[in-house]
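Here's a structure for you.
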Amino acid sequence: MQSTLVLQNLLSAPVLFFFLGILAVVLGSDLEIPSPLPKLFSLYLLLAIGFKGGVELSHSGLGSMVLLTIAAAILMSLLVPISSFYILRPRLGADNAAAVAAAYGSISAVTFITAQSFLNVVKVPYDGFMVAALALMESPAIVVGVVMAKLAASRLEPSPGGPSGGKEPIPWPEVLREAFLNGSVFLLIGSLVIGGLVAYFSPSGVERMEPFTEKLFYGVLCFFLLDMGLVAAQRLRDLRQTGPFLVAFAIAAPIVHAFIGLLIARLLGLPQGDALLFMVLSASASYIAVPAAMRMTVPHANPSLYITTALGLTFPFNVVVGIPLYMALVQRFIPVA
Amino acid sequence: MKRVDFFVSEREIERLCKAIRQAGAPGYSVMRHVTGWGVAGEISEAMDFSGLGANAHVVVFCDADAIAALQGVVRPLLERFGGVGFVSEAEKF
Amino acid sequence: MQSTLVLQNLLSAPVLFFFLGILAVVLGSDLEIPSPLPKLFSLYLLLAIGFKGGVELSHSGLGSMVLLTIAAAILMSLLVPISSFYILRPRLGADNAAAVAAAYGSISAVTFITAQSFLNVVKVPYDGFMVAALALMESPAIVVGVVMAKLAASRLEPSPGGPSGGKEPIPWPEVLREAFLNGSVFLLIGSLVIGGLVAYFSPSGVERMEPFTEKLFYGVLCFFLLDMGLVAAQRLRDLRQTGPFLVAFAIAAPIVHAFIGLLIARLLGLPQGDALLFMVLSASASYIAVPAAMRMTVPHANPSLYITTALGLTFPFNVVVGIPLYMALVQRFIPVA
Amino acid sequence: MQSTLVLQNLLSAPVLFFFLGILAVVLGSDLEIPSPLPKLFSLYLLLAIGFKGGVELSHSGLGSMVLLTIAAAILMSLLVPISSFYILRPRLGADNAAAVAAAYGSISAVTFITAQSFLNVVKVPYDGFMVAALALMESPAIVVGVVMAKLAASRLEPSPGGPSGGKEPIPWPEVLREAFLNGSVFLLIGSLVIGGLVAYFSPSGVERMEPFTEKLFYGVLCFFLLDMGLVAAQRLRDLRQTGPFLVAFAIAAPIVHAFIGLLIARLLGLPQGDALLFMVLSASASYIAVPAAMRMTVPHANPSLYITTALGLTFPFNVVVGIPLYMALVQRFIPVA
Amino acid sequence: MKRVDFFVSEREIERLCKAIRQAGAPGYSVMRHVTGWGVAGEISEAMDFSGLGANAHVVVFCDADAIAALQGVVRPLLERFGGVGFVSEAEKF
Amino acid sequence: MKRVDFFVSEREIERLCKAIRQAGAPGYSVMRHVTGWGVAGEISEAMDFSGLGANAHVVVFCDADAIAALQGVVRPLLERFGGVGFVSEAEKF
């Protein structure tokens, strides 16, 4: 069973294009998807899943199950960075630990989308409101990361990673802007709201958006994963810098967080598809919103640490191995609805 | 007249330009999408999709007297967020 | 009735994405659609409406109603800049007055497209040949603008805006190239002709273009309006520079021009949908072809004046308030066909 | 008959957009499709034809006819550059001759795609496996080109074009990387393999890719040919540099190579559609993979020679005149299946 | 040897480059998509979609004697269409 | 301190940067998408779709002593693949 899931995942177009990108770097091809085309794909994917999620949310409404799931998701995005911070700080110092912790508390929209596309392949249904959970999990972890770094610094525990300017108070306006008004978070939430409004007030608009947001989606995802393969493989060259401890963390963290996610999903009584998505949200780490936010709010953290772990290790792990693995767990522990 | 070249992260452009205006420089030019290598290692355009961006090259031509003011406002930024600056001689065309 | 029209417009996806762009700037989000992606959307929209217009023109043929409407449209694009010039010159000087006048005589393709999409929502039909009017209204106003600036300068009335190099004769080759061979005008007219030829000689080609030119259209429009929202909101910061007189002009001009457009549409006996489009063409101001042309032919005009009024004020006014307002007037004064 | 074919080709949307691009340059319009948008279109087209070719190859399998055709295609891509080299060397010197020869031995994917779209118009079927021939014809000619240049140099026949560094041995790793791992070759072959795998293991994935790889294809081709028209027309300005000999070569070579291709197609017993594609592969010259490869491996060859001939002359010739001409020959010499 | 840096509107590139060739300079390099701030206010890339574009940075390395010729052809352009130029010392690498 | 400006084909960036690191320079910055004109004629961005690309501008600020090492590794590249380099004076900001 499990090996079938793995194969179904490995032989899907998005994952194959991801491998093609990795292969290009490994073999030394000069294939490149020049900037800002990856940004076009990433803006498109955020707009499209936001809009679709909003449409589905408007159909399902905000029932107690929806609200409970979203609350649990936000809780995860607070607990994961706090616990990760304490695990990482002894080795990395407060700044680096805070930044890596923020990355793992936050989410990866592309991993989520790949999981949705995997659920389509294995024909397991899932609910649209999970996109709302996705949208609301990006920001809290960023705030937690900055707060942890500042608290540690203010206790006059200088981090080995360099001066952390800790005596200054937390620059709340900047932190909140980076957390909640970050371009990708803002576009995702904005599209979610627009999708909801359009579905409610002018349903014919949803139909007119479909060729764009639905039909193209799979192809653009393949294109973007090709680029993600290129970028992730380039990151692997930096692995020497990260050291074995962070490599182990980058593989262990998603498994542990997915497992916690599974327990919560079970507690909430989520159906199989939603449970997988909840696990993937818990397991994935951010390389979009978080690096940009950390660069400005925890500038003395080393970007190559949090980008390499989140994008070079955890992302490929989740996309290639994690998703089918979590699905196997779901099939074992979550009853069919 | 002096020419000052800054290389900073694209995310610091706005802060840097504000500081330059504050220092009373008569103008500046900004080139984005600059990649490079320095103390902080290699900066590529690969993370551009994430909003992290690459580096920017900011050029300021100003009077020699303005350099001190510029150093006053810009050096703290370079120290806090990284980046480098260089000065050379120039004259109006 | 009117408030329904306003709501139907406000709650359509394109207008909501336009608001999202404005909101991003107002709240200080770093959302950006990096160059040249907006150019991709704008090239696409021009190619698509040109092609579709050509196809429809080839079906309807060039009857006397079509030719009359186009002639009236060209007339508007000559009268508006001349009258605007004389209103604006006492305050702005010849160069700035000429450039702003050219902007208001010319048209905004995106406003036109948004009006078409509004007509789809309210289920009022319109004719394809209106795209020909759109295409032919861009250039004349540019020529008029340059001629007015040069005439004023040659009469030795130096404009307060700076030296206008007025003793030189009008550089006709450059003016005509900027007016008629301007990239966006050229692509629109070229696509119109190609659409007509393909529809006439190889109809199966029309079908093969449809997924690209028809199905994607609505989604790309949303994406482009998101960017327009970002750009228009940034422009609003320059309002101090423009002063209250130009602000008043930027709101009054579209209303007055739309009203004149309504009278002409009534005279011509245009059906409701075409009448709205004719009003929108009259009311809208150019921020694509005109700024680029004025920069080269009237270089001493201040770009922030004509861009801020056309893009920062008149465009949002038309898209948000103007279109439903003009539709209310249409419903009142134009008989249902 | 023949004139109908010419007209059917000339009045198709892709060819008309190609003309529009040429016209823009001729008239001095400032229309431009800014970089990297043309790269987006070119990556998309390679991914899409690769994927579609792989899907069809997976349906047809690798029968003896497929293998024979591919072998013949590779043979062509070895013979053409060798014979071209000996024709060109006396006039151009070894380096330039080698680079031009490599261009003509290799292929132009866009010419191939335009021929496919022409076959759709004239309703003549063709096989998906021809894409495999396309993919495998790009690289050998590059290797041959480099080897010819090095052999000539090592025989101490200094080329008039400049020093060719001939005493150095052939840098095989670099040559092979440029030939086989060149971004466009790599993406095409990679997408071909992915298309085959997906079609075989998860057919529903093919369906989900279709809106992207099939439906958009025609429109993107039009957009890309608009850019090709702009670029080709700019190249024509360099014609003085190339001289009459190369101009003659750029027109004669495709005709001669197409004729040899016709003979081989006849020998192989290819049906009409495949025969035309085989001729087009033989006749077309590369301006994507080859210039990039030659720049690095034969750096003393003059890029404006091989780019101008392949892109400025042979490409327009094939797209406008060649394809219908070759089709007329096919209809005469290849029996209807 | 001299180094000259021009910052002009992207729409003037062709005119400027023609003038530079006319002045006999041995070469030049052009960087587009430059934003900046000067007498004419702020220039951003936001209007790029319209064909108006942002600024360009044009660099010319040439002999000191060529500067006068360059000034002869380029200054009228800067006066008419806006833009700035600066000169500094350089030598061949 | 010296400032070195290179203009080379975009396809040679990697080779050039490797040589610069080899020569011991403390850092460098790379700007791509540079068009221009020189001995080899005009270089535009029109072939960008093909992977051939345009030019790149590579800037290195380094100590005067490092120039000789830089010339040792970079000059052969410029001779083989084309491109130009220029040196001027600079100091830390």
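Worth pointing out:
Letters A, B, C, D, E and F name the chains as they come in the text, with residue numbers starting at 1 for each one.
Keep in mind that, in the parts below, a contact is a pair of C-beta atoms (placed from the backbone, for glycine too) under 8 Å apart; a residue touches a chain by one contact, two chains touch by 3 or more.
Nothing here was measured: the structure is a model prediction, and the numbers come from that model.
Within the contact network of the assembly, the step distance from chain A to chain D comes to 1. Interface chain E/chain F: under half of the residue numbers present appear on both copies, so the contact uses mostly different residues. If you average the Cα atoms of chain D and of chain F, the two centres end up 32 Å apart.
Taking the mean of the C-alpha atoms as each chain's centre, chain B and chain E sit 20 Å apart. Work out the mean CA point of chain A and of chain C, and you get 41 Å between them. Residue positions 31, 33, 48, 51, 88-89 of chain E each touch two or more of the other chains.
Among the residues of chain D, those in touch with two or more other chains are 30, 34-36, 39-40, 182-183, 211, 215-216, 292.
Chain contact summary for the complex, chain E toward chain F: residues 1, 3, 17, 21, 26-33, 59, 61, 88-93. Within the complex formed with chain D, the residues of chain F that make contact are 9, 11, 33, 40-41, 44-53, 80-82. Contacts from chain D toward chain F in the complex involve residues 34-36, 38-39, 41-42, 165, 182-184, 227, 230-231, 234, 241, 287-289, 291-292, 295-296, 299, 302-304, 307. Those residues of chain F that touch chain E in the complex are listed here as 4-7, 31, 33-39, 55, 57, 70-71, 74-75, 78, 84-89.
Note for the complex: chain A touches chain D at residues 7-8, 11-13, 16-17, 20, 23-24, 27-37, 40, 120-121, 211, 215-216, 218-220, 222-223, 226.
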